[in-house]
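For clarity, chains are labelled A, B, C and D in written order, and residue numbers in each chain start from 1.
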Amino acid sequence: HIRSSGWIISPMDSRYRCWEFYMVLLVAYSAWVYPFEVAFLNSSPKRNLCIADNIVDLFFAVDIVLTFFVAYIDERTQLLVREPKQIAVRYLSTWFLMDVASTIPFDAIGYLITGTSTLNITCNLLGLLRFWRLRRVKHLFTRLEKDIRYSYFWIRCFRLLSVTLFLVHCAGCSYYLIADRYPHQGKTWTDAIPNFTETSLSIRYIAAIYWSITTMTTVGYGDLHASNTIEMVFITVYMLFNLGLTAYLIGNMTNLVVEGTRRTMEFRNSIEAASNFVNRNRLPPRLKDQILAYMCLRFKAESLNQQHLIDQLPKSIYKSICQHLFLPSVEKVYLFKGVSREILLLLVSKMKAEYIPPREDVIMQNEAPDDVYIIVSGEVEIIDSEMERESVLGTLRCGDIFGEVGALCCRPQSYTFQTKSLSQLLRLKTSFLIETMQIKQQDNATMLKNFLQHH
Amino acid sequence: HIRSSGWIISPMDSRYRCWEFYMVLLVAYSAWVYPFEVAFLNSSPKRNLCIADNIVDLFFAVDIVLTFFVAYIDERTQLLVREPKQIAVRYLSTWFLMDVASTIPFDAIGYLITGTSTLNITCNLLGLLRFWRLRRVKHLFTRLEKDIRYSYFWIRCFRLLSVTLFLVHCAGCSYYLIADRYPHQGKTWTDAIPNFTETSLSIRYIAAIYWSITTMTTVGYGDLHASNTIEMVFITVYMLFNLGLTAYLIGNMTNLVVEGTRRTMEFRNSIEAASNFVNRNRLPPRLKDQILAYMCLRFKAESLNQQHLIDQLPKSIYKSICQHLFLPSVEKVYLFKGVSREILLLLVSKMKAEYIPPREDVIMQNEAPDDVYIIVSGEVEIIDSEMERESVLGTLRCGDIFGEVGALCCRPQSYTFQTKSLSQLLRLKTSFLIETMQIKQQDNATMLKNFLQHH
Amino acid sequence: HIRSSGWIISPMDSRYRCWEFYMVLLVAYSAWVYPFEVAFLNSSPKRNLCIADNIVDLFFAVDIVLTFFVAYIDERTQLLVREPKQIAVRYLSTWFLMDVASTIPFDAIGYLITGTSTLNITCNLLGLLRFWRLRRVKHLFTRLEKDIRYSYFWIRCFRLLSVTLFLVHCAGCSYYLIADRYPHQGKTWTDAIPNFTETSLSIRYIAAIYWSITTMTTVGYGDLHASNTIEMVFITVYMLFNLGLTAYLIGNMTNLVVEGTRRTMEFRNSIEAASNFVNRNRLPPRLKDQILAYMCLRFKAESLNQQHLIDQLPKSIYKSICQHLFLPSVEKVYLFKGVSREILLLLVSKMKAEYIPPREDVIMQNEAPDDVYIIVSGEVEIIDSEMERESVLGTLRCGDIFGEVGALCCRPQSYTFQTKSLSQLLRLKTSFLIETMQIKQQDNATMLKNFLQHH
Amino acid sequence: HIRSSGWIISPMDSRYRCWEFYMVLLVAYSAWVYPFEVAFLNSSPKRNLCIADNIVDLFFAVDIVLTFFVAYIDERTQLLVREPKQIAVRYLSTWFLMDVASTIPFDAIGYLITGTSTLNITCNLLGLLRFWRLRRVKHLFTRLEKDIRYSYFWIRCFRLLSVTLFLVHCAGCSYYLIADRYPHQGKTWTDAIPNFTETSLSIRYIAAIYWSITTMTTVGYGDLHASNTIEMVFITVYMLFNLGLTAYLIGNMTNLVVEGTRRTMEFRNSIEAASNFVNRNRLPPRLKDQILAYMCLRFKAESLNQQHLIDQLPKSIYKSICQHLFLPSVEKVYLFKGVSREILLLLVSKMKAEYIPPREDVIMQNEAPDDVYIIVSGEVEIIDSEMERESVLGTLRCGDIFGEVGALCCRPQSYTFQTKSLSQLLRLKTSFLIETMQIKQQDNATMLKNFLQHH
């Protein structure tokens, strides 16, 4: 459902995605330029900027028309709706009016009617409708945050930075506007800078932004402060707003930091718990090393998280994964040669993958035969530890099975099996193996024959 | 228990709720006006405000009387107590005294006794008892926060904003009061503004608020700073208080941000875990798409959260829900035609609803018959995939059952069943189906007859 | 182990607790007074304060001696050690030296040696050892935080406030000290206040504290700022320190806010989940009311948290609780009259308590007899709902059992049982009841006889 | 794999670790000195510093060569790669170029080419490449954070402090540089301090750092503020950056505080839940004490966390731990004398360790024999509580078993068993004991013989 068909464009179409991104750039441009124009260029509007603004408005008009041809995903059914009528009804009943209102070039109309290029207060207020377009920027960020190709941390930081910069810009322009329009000259914040009105545009803009950010960050040097009541009111509102914004920024950063350090915290906590446990119980050094190695491995290889993920999936996907991951290894095992695929699938779906660190006992001599293991990777040594003397009898590799002698003969394990290197093993409960063997008589016979031939 | 009866009013009565809301507005008014009156209007009290204050006090007196007729919910038993005597005892032993004390018009009494309309210090301090009424505002916010019709984020923001504004107002009025009452003229913070005492009321109020919020937000321009020791002490206390308030604001915002981004975080984490898992195990693209589609679906359709919710409910409600949701679908199934309602209810209570994304294998050919599925919505294709060649044999729709052939004949599934679109399926363990069939001989026969007729 | 015996005092003895609290007050006094003395009274030390200081030191000396007679709890074994020798060894090897060093009255010794009452720099530095005593304050707060009789929120706030105030005090005194000792008069921060050196002690102290808190809270008016390099260095260090402290305050407040709103959040989330679930599945209003009532009840009555708590306890305590809570209700049930206590205890240990909101079906007609219920409180109606017509057959009260007819006769439930008011029920699995009855032949007979007599 | 062999050095070799730490110190030195040199010593470079810089660069050159001989751990396989070719390929394809670029002494080369020791702008910019080395500091901190030998809190605080100080230093130097290079004398921030350019180096440096930290911490006294447009732009950028940094600091601190108070919170919550539960159900004081004692014990002895940890370990390690911890106690038990090791291992692997507080009933008289207990430490009293009169019959100690009479004779427990002091018990389900006994006929006979001999 990603391709577009007929006149209807899919919202997932890459060309439409490009268009959307381009529109967001235009939104950013117009949201940036508008306060600047009103505050700094009102007395002497620039011809070039006017033309640019109207071209931008034209693009937005095209986008409004385009929206009638873009399919949408229904919230309830999660299906793509391509019916032109439904699309039109949905758009007309939701954002259409606001989109149109924010696209009408009120200043151009004002110029045609009044004949003067100086914007009056009505036009300025109507121009605020353009901020409605910022909704698109929000949508873009929300989508990017859910896209795992990008880092959540940086997308979120960039989003917060954009919001902060935009507000600093708006506040700076407004503060300048208030001083510029103040009737009694000589009692505004601009008096703190000598010859302010004669200086160049960039110097005036930078001073306004400097004040704005000094206040926003609560540094408040005090070199540029309110000089009359209107400015006091404006600053009061701005500071109250900043209080919320600063708290929001800190809240977001805290959230990101907590998320970012979570894994390290968990790692430390589990290692510390293991270390405390070992010390409290005075376990021998060999067991201690095994436990700590396992805990470290767990965080590096993330094998257990894997199990957690698999548990979340529905049974059908789970079976496919088991089949894909374990069947090749299981088919190599001598015991299952010639066994029907049905039985193999059944066995595979009950196996658990485990990563075992090096030099660890998987099966201990004289232990009851609870489990059977199949080696997927790594090496396992067979050790005979009769009478305190350990002798290595052999090494098992990928595709070998062990523990099956005890399981099929119902007697305690005759040898210790110890990993030589980091190994991935499939564990299968003995009871389930026996049960499964008894399902199909023919396969049972095959397996027993395999077993007897091998030993 | 929402309706009022006799003389006793239910606290859930909508008219009483309106009255309560109206009282909160009056509280807000009186808490706002009182510091303003004391600080700015003390030397020249306004006649209108005096009258308004006394009318407000009258309403509070009415409310005290009314409280004797409002039932309450007992904390222990969670039952509504309507007994007038119990209501009176409870009110008299708790808030009655404070309510009365905060309603007595001390300034009016003071005027009657002293004959001057200027408030003295005793009256001012007694007037602080009015802040006792703010308890009502707190109760309203606490109730609104628990009401899921309103957004927690905005209620909480509004609550914090109200607290902040109220404190800014109080601090501004106090700061002005200190300067106004300072014995030695010409050494207060007001000296920084020329001709301060002659300016209009609004300009003086705005200046005080401007100072208050500049200090609260820690901007601290320094244009209005302490000029004498009393002001220093006041500012010290105010700043110490603000330190706590700012930390509280940030703490709340962090809490809201964490809560607000929790779902996005969870979504990203699970998608990333799935993506890592797929890459680490080099799963084929088809399985990868299935897994990612399922993880996305899980967050959109929230079917699993649904299961989590159902698990929390007591068994009796759980059975009713199952009956309501699944019985209509189950009754349509050919296998259960003519089966007694008792057996159907038993079957239904053991079914699990699952949402399966499109193009996913629900049952694989030659698989052991563990589960039987009933289609609630969506479509499922029957696929015969013998010898690497897949051929679609048919499509199942709402009310169809599949997997029952294997289950009832105790042999591996003969076909693969794959979803065609997003489907909701009911899963029933084969073992449980067999068990349930054997409970009632008659229903067992009906089902077997249905099965044989159908095939 | 709370009483003291012989010469050894128990640390849990209430008199020792009082002494400890009194010592903390002395610590607070000496930590407060010391910086003040050094900074403000150095040139003209007060006789009274000197005497007070030495009395305080005397108390600390007494405490050092006392510590040799106070038992302690061993970290490993969690047992109280009363052996004088062990106590002495432990104290001498840990804090003894520091305690003695912080108690020696260096200034008195200095006075005896030099003959002047003005403290020199060595004495001042040695006096800093007194801050070692603050360890006691920390211990007190740590213990109070773990004491559930006090609110964690307020204890924590008070702790943070104490730390903040103490640091503000120390910084203020240090800042004054730097200006006071600065060799070149006329270039310190005190120049900003006219005639600073001639003003009274309190005004100078307030100014220093005013500066200290203005800087700490980052308001930074700038009316009192650094005027020479030494002050700049001091302020740099102080601000860096404040950055950490402010972050720590905010972190703590966030933690408290999160903890404080956790329950409301959980409540909202579960209610919202339930509401969404109901709307998505279009459940009938009656079921919707039941589900929402149950979710609300769950948070008010906390019955489920109760189950969670019980699960954490060891089996032996769990059995005692069940016996205490449920046995009286179970003994009242007609079915268990004359049954041996052993069997009753066994039954009771397997029962689960459930709170059911009013008007909810506990057992539905024709349902399989899975569970048997005993009423602990509330009322349950027996309803016969044959042919769409519901007729109430009777009402069951505390001590009644229901569902046992179906359970013992192995047939579907003949009536619907619905709660009339909020009820607490004990649920017992039918299978377990049957199993338990078969343990003792005699009790089985008694129960069957009871059952037959009753019906 | 910690030892180095041949020419290849292991990254875990302690000598290499020392070298790495020494390199980090050099990095810190060069990152600190470079901005200082550029800003303050540009006009009069110091001969000594130049030589020191070149020696430092020499060390980094040596380190680049060394890196070709250091083995590395492969991310995928978690194995150590010692192959020189692989090491070289990996290094050349990753950081080699940047390392070389950051080591070339551009200023020395510039001196050789131009013949003047004054750095020009190109050299300054190329010098910024040295900040690339800070990567090493980050790696060191990341490794220390994962090392449980050091406190996470202090490592993290030290890391944040380092970052903050470094940025303050850089900003201070840059701010001075801007003023120093500003063409029109008399319009920079340095004008606020009289005779700034003539003062000593340290005074100028301290003033710059004072401004830097005043702005960073948002105190903003305003005594040193921007005086021209370039400074305004610089401050704007610096403040925006600080906003992020401050939020990051607070976020980190919040994270640490939450982590630090987690255990106390959990403790309070569980004690409060237990206390509420006891009060709501009006349990007798003896049960209340038992419950609260158990909850306290749980947090002190952490026995339950131990169980949680054991559950995470793979089965093979789990069995080793059980064997190590419990086998010595089990072998002492009279019942298991002469029983084969195989059966003992099986029994041990199913035992659960429990800490029971003093004076608590482990088994109650007439209770069904569900569990058998073995004492590991502590004492247990046998109590006969017939007819409301309790008489102590004896005391059991380490290595004793109780509850086995009921278990083997299949009759209710004849006595109550109560702990006398804090005891660690092994719990074994009766059913599992019976099952295990029946595995081997010979051991069954031995156990029964032991049992009969003992009674």
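Quick notes on this structure:
Keep in mind that, in the parts below, a residue touches a chain if its C-beta (ideal position, glycine included) is under 8 Å from a C-beta of that chain, and two chains touch if they have at least 3 such contacts.
Quantities reported herein were computed from a predicted structural model and do not represent experimental measurements.
Fewest steps needed to get from chain C to chain D, stepping only to touching chains, is 1.
Of all residue numbers seen at the chain A-chain B contact, under half occur in both copies; the interface is built from largely non-matching residues.
Looking across B-D, A-C or C-D, the interface that copies B-C in more than half of its residue contact pairs is found at C-D. Farthest chain from chain A, judged by C-alpha centroids: C. Rounded to a multiple of 5, the Cα-based rotation taking chain A onto chain D is 90 degrees. If you average the Cα atoms of chain A and of chain B, the two centres end up 25 Å apart. Centres computed as Cα averages put chain A at a distance of 36 Å from chain C.
For chain A, the set of residues that touch two or more other chains comprises 218-222, 246, 250, 252, 254-255, 258.
Touching chain D in their complex are the following residues of chain B: 218, 220-222, 250, 254. Those residues of chain C whose C-beta lies close enough to touch chain B in the complex are 157, 161, 164-165, 168, 202-203, 206-207, 209-210, 213-214, 216-223, 246, 249-250, 252-258, 261, 264-265, 267-268, 270-277, 280-281, 283-284, 287, 290-291, 294-295, 297-298, 300-301, 304, 354, 356, 360-364, 366-368, 371, 412, 422, 427.
Those residues of chain C that touch chain D in the complex are listed here as 77-79, 145-146, 148, 152, 215, 218-222, 225-226, 229, 232-233, 235-236, 239-240, 242-244, 246-248, 250-252, 254-255, 258-259, 302, 305-306, 309-310, 312-317, 319-321, 324-325, 341-342, 345-346, 439.
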